[in-house]
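Below are two complexes that have chain A in common, paired first with chain B and then with chain C.
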Partner chain A sequence: MNGPLLEVRDLRAAVGDLDVVRGISFGIAPGETVGLVGESGSGKTFTALSVMGLLPDAARVTGGSIAYEGRDILRLPERERRSLRGAGIAMIHQEPLTALNPLMRVGAQIIEGLRAHGVPRAEARRRMLDTLDEVGLPTPDRTARRYPHQLSGGQRQRIVIAMALAPRPRLLIADEPTTALDATVQQQILAQVDRLRRDHDLAVLWITHDLGVVARLTRRVLVMYAGRIVEDAPVRALYADPRHPYSAGLIASLPPAPAPDGTPAERTPLPAIGGTPPDLAALPPGCPFAPRCPQRADRCTTEEPPLTDRTACWVPKEKWT
Partner chain B sequence: MAGSGGPLRFVLGRLAGTAVTLFGVAVVVFVVLRALPGDTITAKLGTEAAALDPDQRAALTRYYGLDKGPVEQFLGWLGGVCQGRLGVSLDTGVPVRTLIADALPVTVELALLAMLIATPVGVALGILAASRPGRARDLTTQTLGLFGLALPEFVLASVCVAVLATVFSYFPDPGTYTPLTESVGGNLSQLIYPALVLAVGLAATIMRTTRTAYLENARSEFVRTARGKGVSPLRVRLGHILRASLVPILTMTGIQFGYLLGGTVIVEQVFALPGLGRLLLQGITQQDYAVVQSTTLLVATAFVLVNLAVDLLYRLLDPRTR
Partner chain C sequence: MTTQAPRARHDPLTRGVWHDRNGRAGTILTAALLLACLTAAAGLLPYDPLAQDPTTRLRAPSAAHWFGTDQFGRDVLARTLTGIAASLRVAAVAVACAALIGSFLGVLAGYVRGRLDAVVSRLADILFAFPAILLALAIVAALGQGWFNTAVAIAVVYTPIFLRVARGPTLSVREAEYVKAAKVLGYGPARILLRHVVPNVSAPVVVQTTLALSWAILTESGLSFLGLGTQPPQPSLGLMVSEARNLLTEAWWTLAFPAALIVVAVVALNLLGDGLRAALDPREGTR
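Moving on, here comes the complex of A and B:
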């Protein structure tokens, strides 16, 4: 297939009357890794849950389309939509302990996902054991009989990953899967998922607020702010030459990398983005970032800029001060 | 996975605690009974007790064993209980053990029947309410539940008896109680109405517990994970949401069953069923010490054992508590 695996067009989602995703468009090609970054409340998770069809009761998609393999999944009957869930698009969540059913053995939870897509019992069991092995869990048949509370945080997240990957999805949405883990375990898990991605030619949407993760694992980055994408750029280009003042602020606030010989960079205070995150219930007219933006022009407070050619900003980079 | 807290150790530990609780119950019942005005003699003879001369009274007091000090009475009774002798009814002279052996099956059957009716109804209504929170079916079920809880048993039981008597010409009669062993149909036709009356309040309680637990679990992340795997809605509801709700439902059901064993007094009285409740009530009006003390102790023991059974089941249902 040549077209994109996932094509989101002008997606809008709301919680009650509050618009949390305000018209976003992006595509993901087969096997591509894309980062979705932004602060909490920027709409990253709601975007992911809209794609999965797992929005909470109070929330709903209010407009746009989500095409998977060319078919608009928002218009599919629920039964067909369900057949994509897990088998086509899988998601791993932030907190592995609450994401697993505490009353079910972990092996059974993985098998359940396979059985839901018609895999025969014996084969489901075999694939469950294979996948546990693949995600780096020793003694799969012993681990499979454990309950979630009997495993460590890192092991649980590996189970969650195994559960997502066992049905062989083509797209994996990873919503900050390592925030609840120790730094060393974080690195192992990220490396593991990246290895599996290459082995299975999996497309991955990494949702994170950690630009370091994005730099290591993705080719392309979508920067979200107040329910919109404000910059869509290849990861190298974004770091070298951010085009949206918000992206520029995010990158400036990263600690400097150590020198090639390993000596740590000079300790200087990191610049932070001034102001407070936007209140979605009371967005200003114009660009929602304008109140915090050092590059603000007159037009920014009256008209919201569309996403064109990488960025959604009225002020071209040459005119930045 | 039987670690240091294996099931046997757990049961033994709990039984030790139980013994302390039951001793407390025995003391309280004994003291309360003695604190009531009057005694067995006045209860038996009524106003004629006043006509007794001191010698007659002393003879009766000795006859009933009331001349001994309270500590002696208590220890004598408790010692007997520990050896399986529950005492003799001062009122009728029948051994308490015989009285209980006749009454216990009636109450247990009534409680089981009420539970059997109330649990499926309560769980089903709870799921029905929780599946559309805030909508018509939820509000209807919740309102019905409040009625079920608010309606006192004696009202419901009396209305039930009145309707049965006027419309169906059915009159409960303790003399004609048919045990289950004699005629299943005859027995059930006598127990079904009181069981239904008891089931109303029970079902309401179970419904509310189910609704709360179901709603809470439906919102949990592991349910979202299950849906994210493409699991069918029915399986998500039964295998994940309801399964996780079973723990609080079971706890509530167990507690209710324990209450039922000692709490069917009113319903047994209204429907004239010769169960433990009626035995207890008669014992109290006759100040029949041995009957009240032994029956109460038995009910308390049953309550504690039911709770122990619930805790054991709990460990079975929730691996985290093992």
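Moving on, here comes the complex of A and C:
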């Protein structure tokens, strides 16, 4: 099929009376990689959980639509929604160390995921071993017999990825899957997921606050702030020419890269974005970023800017100071 | 880290219990008790626990009667062993029912939360508000006597304990990442409960089972002592202690041996429970 694999339109979600996702729209094409970046509390994880249909008890989707392969999944009965989870859309959580059942052998856990989606036993076992091999675990048949506590953090994260990918989903939501791992293992895991993405024509939504990850692994970036998307841009364009003052601030606060000959960049204090993220319970009128924004104009404090073709900002780049 | 794996597969639970000093003592004592019960139940005792013999009334312990005889000339050893078998039977049936029903309700309440949890937990609170022996007495009085009714009464009293023991860990397991991951993978609630929640809350329930067995022996003895458990002439430890009360000055053995066996049984099961707890506790690091 043509058209987007996932189409989110004007999605709103709330915890109690608190709006945490305030009308966001984006699409993901088959095989596309999209980064979703933003500070803690900006609504990234809630967006992901809304797509999965697994918001915590106190939270709910209050508006908008989420279409997967053209069907609005918010209107699907729970049973169909469940079969979509895992088989159609998979998700990897932040905590690889606790995402596995401590009392089941890891191979059995992967097989269970396949069996739950109707794969016959022998076939499930074969695919489990294949997938373990694919995620870069040596000696799959031995690894499959291990319990989670007998594996390292990186190995466990690979098992978690294998569990997510074994049912062959078309979309993978990776919610900061490597934050709990050390830097070298992070790089390996990210590279591995990216290789699998290419091999299986998998669409991936990377949720992260690490702009380095985004630059390396994605084509397009959505920048979230206070429950809205403030910039939706191809990754190169975003880095070269951010159009929203918040994106500009994020990119300015990255440490400078070392020179090509390897000498580290001069040590200067990193510029930071002043102020603190807004309290969602008491958002200012107008643009939620306005109180911290160096480019603020009068209109910013009275009227919230809509997301036009690329950014949600009243002040065009030419007028920035 | 990995070299341990093949050996750990040889039933780490029994190994863990055996390595724990309390666990080993409890295992040996419990096994001895069970053996004695089986001997009694199979009718392999040298004396009939019910056979009266006026010629051998109130004999002190001797080579012929190791625990002596009571006021009807019955062998105290035979009666004690038959009594512990009766007590264990009641305790086992009662605890099995309580553990099954209590932990089923506890896991369900803890996992589903909401109104079901509120109703079930408040009912448990109400049952908890009564002193155990008083509640059991009332139930036996209502149902009538007999070992099965005694077991039912004890089961009712102990169900809320298992309910709480199972509900607590369920509350934390339902929030665990691997349960969330199971939902992400599209598993249905039955699969998540049976394969991911129940195994991870079973450790405290198993420990509780052995402890509850020992308490249930005490409760059964108490009911029999008060005349509402096992009925004469059937022997029961509580009943024997009750009947021997008045003989304390002239025939101490009629009281001492059954009373001592109650203690041994309770201690044995408690030690076993300690051993299980040590073996099942991940913080002990034996696995």
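Here is the rule we go by: the second predicted complex is superposed on the first by the 321 of 321 C-alpha atoms of A that agree within 3 Å, B and C clash if a C-alpha of one lies under 4 Å from a C-alpha of the other, contacts with A are read in each partner's own complex, and residues count from 1 in each chain.
The criterion applied here is as follows: contacts are C-beta pairs under 8 Å (C-beta built on N, C-alpha and C of every residue); 3 or more make two chains touch, one makes a residue touch a chain.
Computed from a predicted model, the values in this text were never measured in an experiment.
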> Which term applies to chain B and chain C once both are placed on chain A by superposition, clash or fit?
Replying inline: clash
> A:302 contacts which: chain B (first), chain C (second), both, neither?
Replying inline: neither
> Counting only touches as set out at the top, which of chain B and chain C does A:179 meet: first, second, both, neither?
Replying inline: neither
>> For A:163 in the superposed arrangement: first (chain B), second (chain C), both or neither?
In response: both
>> So in the superposed three-chain picture, is A:90 touching just chain B, just chain C, both, or none of them (first/second/both/neither)?
In response: both
>> In the overlaid three-chain picture, which partner chain does A:253 touch, first (chain B) or second (chain C), both, or neither?
In response: neither
> Intersection of chain A residues contacting chain B with those contacting chain C?
Replying inline: 52, 54, 82-87, 90-91, 93, 95, 98-103, 112-113, 116-117, 147, 149, 160, 163, 167
> Within the complex, which stretch of chain B touches chain A?
Replying inline: 219-222, 224-232, 235, 239-240, 243-244, 317-320
> Quick one: in the complex, what on chain A touches chain B?
Replying inline: 52, 54, 56, 82-87, 90-91, 93, 95, 98-103, 112-113, 116-117, 147, 149, 160, 163, 167
> Within the complex, which stretch of chain A touches chain C?
Replying inline: 52, 54, 57, 82-87, 90-91, 93, 95, 98-104, 112-113, 116-117, 145-147, 149-150, 160, 163-164, 167
>> So in the complex, the part of chain C that touches chain A is made up of which residues?
In response: 1-2, 4-5, 113, 176-178, 180-188, 191, 195-196, 199-200, 282, 287
